[in-house]
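The first chain written gets the first letter, and so on, giving A, B, C, D and E; residue counts start at 1 in each chain.
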Amino acid sequence: MNLNIGMALLLAIGMIGTAIMATRGKRSLGISILAAGLASLLASVMFLLLGAPDVAMTEAAIGSGLTTFLFFFVLGRVRRGEND
Amino acid sequence: MIKRFAVILLLLGIGAIFTGLMVNYVPDKALNVTARYYAEQTAPDLGAANIVTAIIVTYRGLDTLGEVTVLFLTAAIVGLVLARGSSDEAPARRDLPPPGELLLTGTRLLLPLILLFGAYVFTHGHLTPGGGFQGGAIIASGMLLMLLSHPLRRFGHRLIAIVESIAGLAFVGIGVLGIALAGGFLDNRILPLGTFGELFSAGAIPIIYTFVGLKVGAEFSSMLVNLSETEDL
Amino acid sequence: MQFEWIMVPYSLLTLFIVVNYGLLLTALMQKIGARVGRRHGIPIWQNYVDLIKNYGIRSSITHGVMFYLGPVFRLTGGVGLLLFVPTLYGSEMFSNLSFAGDLILALYFIFFGSLGMALGAGESGHPHSAIGVSRGLSQVTTAELPFALAVFAIALQYQTLSVTEIVAAQQGSVWNWTLFTNPLAVAAAMLSFLGSMMRPPFDVVLAPQEIPIGPPTEYHSSYLALMQTNRVIFPIAKIVVYMNLFFGGAATWPVFFLKVFLIYFFSLFVGVVFPRFRVEQSVRWFLVWALPLGIAAILVV
Amino acid sequence: MVSPIFIIAGSLGGAFLLGLLRDPWRGASYVISLLVLTFTTWLAGSWLWALSSGAVTPVEILTAGTQPPFAVNLRLGIAEAAMVLLINLTGLLSALYLKDTLFKQGRRAMAVLLIFSMALSGIVMTRDLFNLFVFFELTVISTGGLILLSRDPRALAAGFKYLVASQVVSILMLVGIIFAYHATGSLNLDDMAAASAALLRGGALAFFLVFIAVVAELKVFPANGWALDIYESAHPAFSALVSAAAGSASLVAIDKLLQIGGPAWMDVASIIGIVSFVGANLFALAQRVDRRLLGYSSVAQIGLILFVVGQQDILGERYLFVAGGVLLAHAVGKAGLFWLSGLVAGRDLTAWSALRGNPLLLFAFASFLALLIGLPPFPGFYAKWELVHAIAAHDHLLELALLLFGALVEAGYLYRWFGYAIKREIDHEPIAPSLYKRAVVCVAVLAGWLLAYVWGELSPHDNLLHAVPVLFALAFLALEWLPARVKNALAIAGLLGWFAFSYPAYDPLQLIFALIVLAGGALILLASFHSDGRRLGFYPSAMLMYAGLAMLIVAEDSFNFFAAWESLTIGSYFLILRGRQSEPHALSYLVFSLGGAFLILAGFALAAQGNVQFLLVSLAEVAEPLAPWVFALLAVGFMTKTAAIGLHIWLPGAHAEAETDVSPMVSGILLKAGLFGLFMLLMTMGRQELYGVDLAHVMMWIGALSALLGNLMAAFQEDAKRLLAYSSIGQMGYALFGLAMMNHLGWLMALMFVINHYIYKSMLFLSVGGVAKRTGTRAMYQMGGLITLMPLSFIAVLIGIIAMSGVPPLSGFGGRWIFYNAIMTSEYRLPMILIFVSGPIAFLYLFRLIHSIFLGQLKDEHRRVKEAPFWLVLPQMIYVVCLLVFALAPGLALRRVDAYISNFLPQGALSWEGLTITSEFGYWSPVSIMLIVGVIFVVIFAWLLFVNRRAQKVKQFNIVFAAERPYRPETTHYAWNFYAPYKKALGFLAWPVFERFWAAVTDLLHTLAELLRRIYTGNGQVYAIHLLAFVVVVYLLKEGL
Amino acid sequence: MDLIAMATGFLLILIGLFGALTNRNILRMIVAFAVANTGVNLVLVSVGYMTGRTAPILDSAVPVAEATARVIDPVPQALVLTAIVIGVGVTALMLAYAYRLFKTRGTLDISRYTDLKW
């Protein structure tokens, strides 16, 4: 049980860290997106700990996976536009 | 600067509300009425092992229908948004560097596996974790892979649209059948419940989840395809 | 009271007396005024001469219907006012036609002549007539205010609107006169009287010396004669109203002549002392001095 | 019956089906969309019909074959059915309206539209909190899609701002939902409501979050910048959907939540609603863009409905009637306006003048505005009536005041807009020719009138659309194609016929007013025979005014009285607006009148204490602490109509700028409505004291001041019609004074003024109007010397001014005589003095009127002027006869009234013996006076004729003029600034103090609006910050309360 | 455990909102909202958590008869599932908008899109 709590704490710290990374304006957008995806992925681990495997799967597949790709797709288009 | 300060101040306020919520939060010691009903009745009533799936597909099937509709809407609107204006000018396609050999080969190998895995996830939604949404997302990731490996390839919008629509219609249709054959809209008991824990059990849940999976997969794919095809700037 | 035919000759008799008295009185007043100014003045019968001469002139022109009717209105106003109030108190003969209405009628009938006159003068098309009317109306409407208030004060005081009853209430002793029972009202009314007599210092309406100005500018010959007739009847009619309301009325002709003379003389007296006011000055003057008196009169009753 | 679930299933199926079709098959896609929407509309309609006829009871729709709370369930009661019908019908109509756009955008857009209306229906029907959230998200996303229908490039940014805000909303909502679930163990709304006590202990915060999120979905002020941007830039058909359908759905959601929240949260909703109502209306004042204006107005209206929703505990069983009335009126009106805006090319408010070419659309515009403001006979009127009564009965006075203030502001800017449409130059592109769009607008108009009928039937009062006078007025709308002369004959016949029909039922007081309104109105209408063409819009407006007046006289309860009052106000507004330069004046007339009307409404509501069918006679029974306030409110309301000083600034412009035959109507007749109200008030309530001040005494002062200042200002006018208008202020001051004396003669005098003022003011307005028509100017100094050219008009004016100045022997003297007798018995002397002072001033302006126009020097350009047209002169001559008859025999009318007044004030009745009238102070025999004056006049005239028989007419310039002959009339006509010296002495009294005051008030409001609306910076983040601030502020306030 | 998750979730929401309201770049705003949505999901799931119980899936480990005593409240999980999907839908929509906005105006700065105001 303590192990779980410890892990949860670690995950929490990780999530907050990645979240701050994702929302700070200084880093490049790509890193922000990745950080957000990472936070989502950490969250899905957390979901597993919380006894929600369904949610964990969904979050991993949709929340962190697909969303991140969507972001990158758009980012790519916009970047290319910016370069032009 | 004023804005930042105001935002901080306001978020402090919101934080206070959240703190209030947390302070007042007392974890339940036992399941509440609703949850107990689900825990006790899901298996005998619906024959589904995964209670979450039972809730999603049947008890709160209307939500799920809405959810699917959200994706349908998003796909349609993304199409609309991106179609707007782009139809006027002919897309000025650019030459991209060809994808690497590794990616091509990987795609060829992985794609069937991924699709199969997706199908597994959504057909077993009533038994194991996972279901239509997760499965759909997995199928879409297969699509994504294809997009990455063949960036210039035009995808079958038509196919995607037809899969999407038929799956949607089927979902609604099964729901309506519920009115005719069972207790109400989206009732899964239009089919026999079968043996608890088997693949073909839990009435219409696997079927519905299959359609949901197909539909979600198609919708995500359509979004991705639409996004990928709009490089004309 | 009801109308009887005998009233007609009686009224005509009153009218005759008043016209003659008026002709003489106005001439006398002018003479007094002239003497004060170290001038010779007109002969006492001068008014008769003017009147007959003007009635006699035959070559006359007209500017239109209202022009023609203006003097008629004017004189009707004067004669009507005279006849709507009793001339002598208690006299069957000289109560005239006062059955038809009361104090209010008299009060409003004063305007009848002015209005007709103004209309006639207006049609003459002479700008000076219009200027005269403008000045006249401005001044008169303000000047009449204290009078109206005073009248109302005594109407309240005696609780009646009948002139006869007001006179009746003042009989018995000099101390019963309104002059003593309600001096404020009388003061206000007398100030107002100054304004309505068109004599200095309030004679800018006619401005007789400098230029041919004022409502009657275009009037001549028999029109003028009618207006001159009115000019002797109207002041006396008005003074009769004052006399009845404030100075105990008159029961006999000598008393009548005396009181009318004295009241008329009052306006002359003030006139020779003060210089002429411009219209806005006189308007302000009446508002500042006379009106408060009238208001006070009403409030204390 | 087909299960209502098919509303959802059908729409979804349709939307998915659209995906199957090939993209180019747009026609087929469109037809499917329409079919689906028609099906859902039909379904909702059939349920509504069945539910309202009692054939079925409200249904619970279970899903998954499981009982709630374990599965999501829906419910369809009568309110839900109505809302779903509204949503789907609006969707269907918008789809029709959007035909071209949808064809261009393809099947995806159609699918989004279908899902949008499905989601809204879902919000209405669902009984599950999370399901509600899902449907909300569906609306959010489909909104995001439908915004793209607009061709406006700015719509994209607006959509993004909207998405940002809805992200914040949905975050709050989800957090709220889960904690609410935790607190109650259920997601079912009914379970939550049942457990609300527990919820409020543990889950108050959770509920707060859900509640505030749904409130935010309502786009309440001030957290609604994104919504305004959407309204401004989206396709109008979509804005119509958002405002009418989405707003309604969100309101239903709020209503459901309040079942959980209970009264404490209802108060919160009320406060948010009323703030939204007032604030948004205020901001709209500064708005120049039509759709953004409509956006503000939508916010305001939804705020109002939110307020109603919050007041459901005091509305009790009338809640649905009230909320439904306001909501449906808003929905139809706003949707209609948005649809209409799609036909107008320009976006500035003034561009709506393009509608002027199309009477049908103009009528639609007017109907929609009336729907929004809640004018009779529309549902909002009935609803607001009950609402106001309910909140007044519960002493929510601040809310009452805010409500009325907001409504007034709203009426102000909406009718300002209408004024633009009627009056501004058409220099824009013509309206769009699309038949579809017009048909949709027409359906909305029909729906509005249908609702008006239904609400009339549902209300406990008489249906206003059953009232014969109103129907008669409305019938003229259908007869607009007839030539004006035919319509005029019909109108006259109608007025006289109605008079003959109602004659037996009138008591003497009503009879006098009925005579003036109906017979008098018919007389004035004679002048309208002069106009040829069709005179579009004149007859419906005029007849609406007359209908209101006719119903006012016979109204027995406060509702009918007020409905009549509003009708006549609106009718006369349209009439006044017809004048050439009358746009600002008509507006100020309307704003003042409605302001007055709202005071009356408040007064009635306070008096009635919740009894919506309050008999006017019961005003006498209003208890003490309330009575003086009721009296004051009603009195001020009525005095607005009589243009008492301070509330008079609308009158001069409105009366002066109106058309020739309208001025006498609004002056001679309309002003009397206020007097009638005052009569009614004083008869029932008598004297009232407020803080020891006798209110009748105050009224007396106001009357006296009105008389003085009205007259004085009249004397300084250069414009003939303005002069007459100011004179009306003075005259009404006299009448008010007489009424306020509260004695027998005072009332008699007021009635005498009612009659006299009608006659001579109508006559003077007609003759001056005739002159203005012939000379082409209203400035008196530009006229002059017209006596020979227009003798009949001259006679009318002459008789008119003699009568009006009160010089014997004409009837005006009678008024004065009664007046002086009346004040003899009054104990208040100071206001009396003011009346004295004002008396002679009347001479000034009257003389000026006749002199400057008819006397003096004829101008060269007028040498060929003809007498006024026959139809203008005819009524004048009839008035002359009336005046003479009335002068000779005032007893004709007054005797019966005298007796009637004795019922209320027995002291001081006159005695009528033969031809003499005697009071306790004096006597008056009109016939003798007339005869004596006549005889003297004739004798002198005969004498003059005799001595001066050879007088000859000379030419114009044959005057003695400083030794030279003038030759230019301009320099010789002394008319401009006629009373210069007087003005010098007393002009300070005529300073436009009140004009300045009211101008300052309106300026202040506009400046405030202009300044404060800058919080809507256009930045999406700032909007989201507003939203958060709104949440936090409401939270803090709620905690603090 | 649940409290840790809940607190983290709330913090993520606040961080996300802060980022969304202070970054003027539209894409960054969307990223921030995605973070906030993750936070919301965490909060939702943590509310249903009960210490010492297992996932609401009936299998050999958790037989039907013991379910009431053994499993976690399944409702929040079902809700979260829906919420995730809706969240991704909205995100996709916002992304499409962002792309489109960029295409029409060439900027992703939200403060530049203020044509509509007041």
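The rule we apply is simple: contacts are C-beta pairs under 8 Å (C-beta built on N, C-alpha and C of every residue); 3 or more make two chains touch, one makes a residue touch a chain.
In this text the structure is predicted, and so the values were computed from the model without any measurement.
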Co-neighbours of subunit E and subunit C - touch as defined: D
By mean Cα position, the chain sitting nearest the middle: D
Higher-contact pair (C-beta pairs counted), A-E versus C-D: C-D
Cα-centroid distance, subunit B relative to subunit C, in whole angstrom: 106
Centre-of-Cα separation between subunit E and subunit B, whole angstrom: 15
Cα-centroid distance, subunit B relative to subunit D, in whole angstrom: 54
Euclidean distance of C-alpha centroids - subunit A vs subunit B, Å: 19
For subunit C, residues that touch 2 or more chains besides their own: none
Residues within subunit A bordering two or more other chains: 52-54, 58, 62, 66, 70, 73-74, 77, 81
Subunit D: positions in contact with at least two other chains: 130, 134, 137, 141, 144-145, 175, 179, 182, 187, 1021, 1025, 1028
Chain-chain contacts as defined at top: A-B, A-E, B-D, B-E, C-D, D-E
Complex interface listing, subunit D residues touching subunit E: 130, 134, 137, 140-141, 144-145, 153-154, 156-161, 163-164, 166-168, 170-171, 174-175, 177-179, 181-182, 187, 225, 228-229, 232-233, 286-287, 292, 1013-1014, 1016-1021, 1024-1025, 1028
For the subunit A and subunit E complex, residues of the former touching the latter: 4-5, 8-9, 11-12, 15-16, 19-20, 22-25, 29, 32-33, 36, 39-40, 43, 46-47, 49-55, 58-59, 62-63, 66-67, 70-71, 73-75, 77-78, 81
Complex contacts: residues of subunit D adjacent to subunit B: 3, 5-6, 8-9, 12-13, 15-20, 22, 61-66, 69-72, 74, 105-106, 108-109, 111-112, 115, 118-119, 122, 126, 128, 130-131, 134-135, 137-138, 141-142, 144-145, 148, 175, 179, 182, 185-187, 202-203, 205-206, 208-209, 1021-1022, 1025, 1028-1029, 1031-1032, 1035-1036
Subunit B residues within the subunit E interface of the complex: 3-4, 7-8, 11, 14-15, 18-19, 21-22, 25, 27-32, 34-36, 38-40, 42-44, 49-52, 55-56, 60, 63-64, 66-67, 70-71, 73-74, 77-78, 81-82, 84-85, 127-129, 133, 196-197, 216, 223, 227, 230, 233
Residues of subunit A touching subunit B in the complex: 52-54, 56-58, 61-62, 65-66, 69-70, 73-74, 77, 80-81, 84
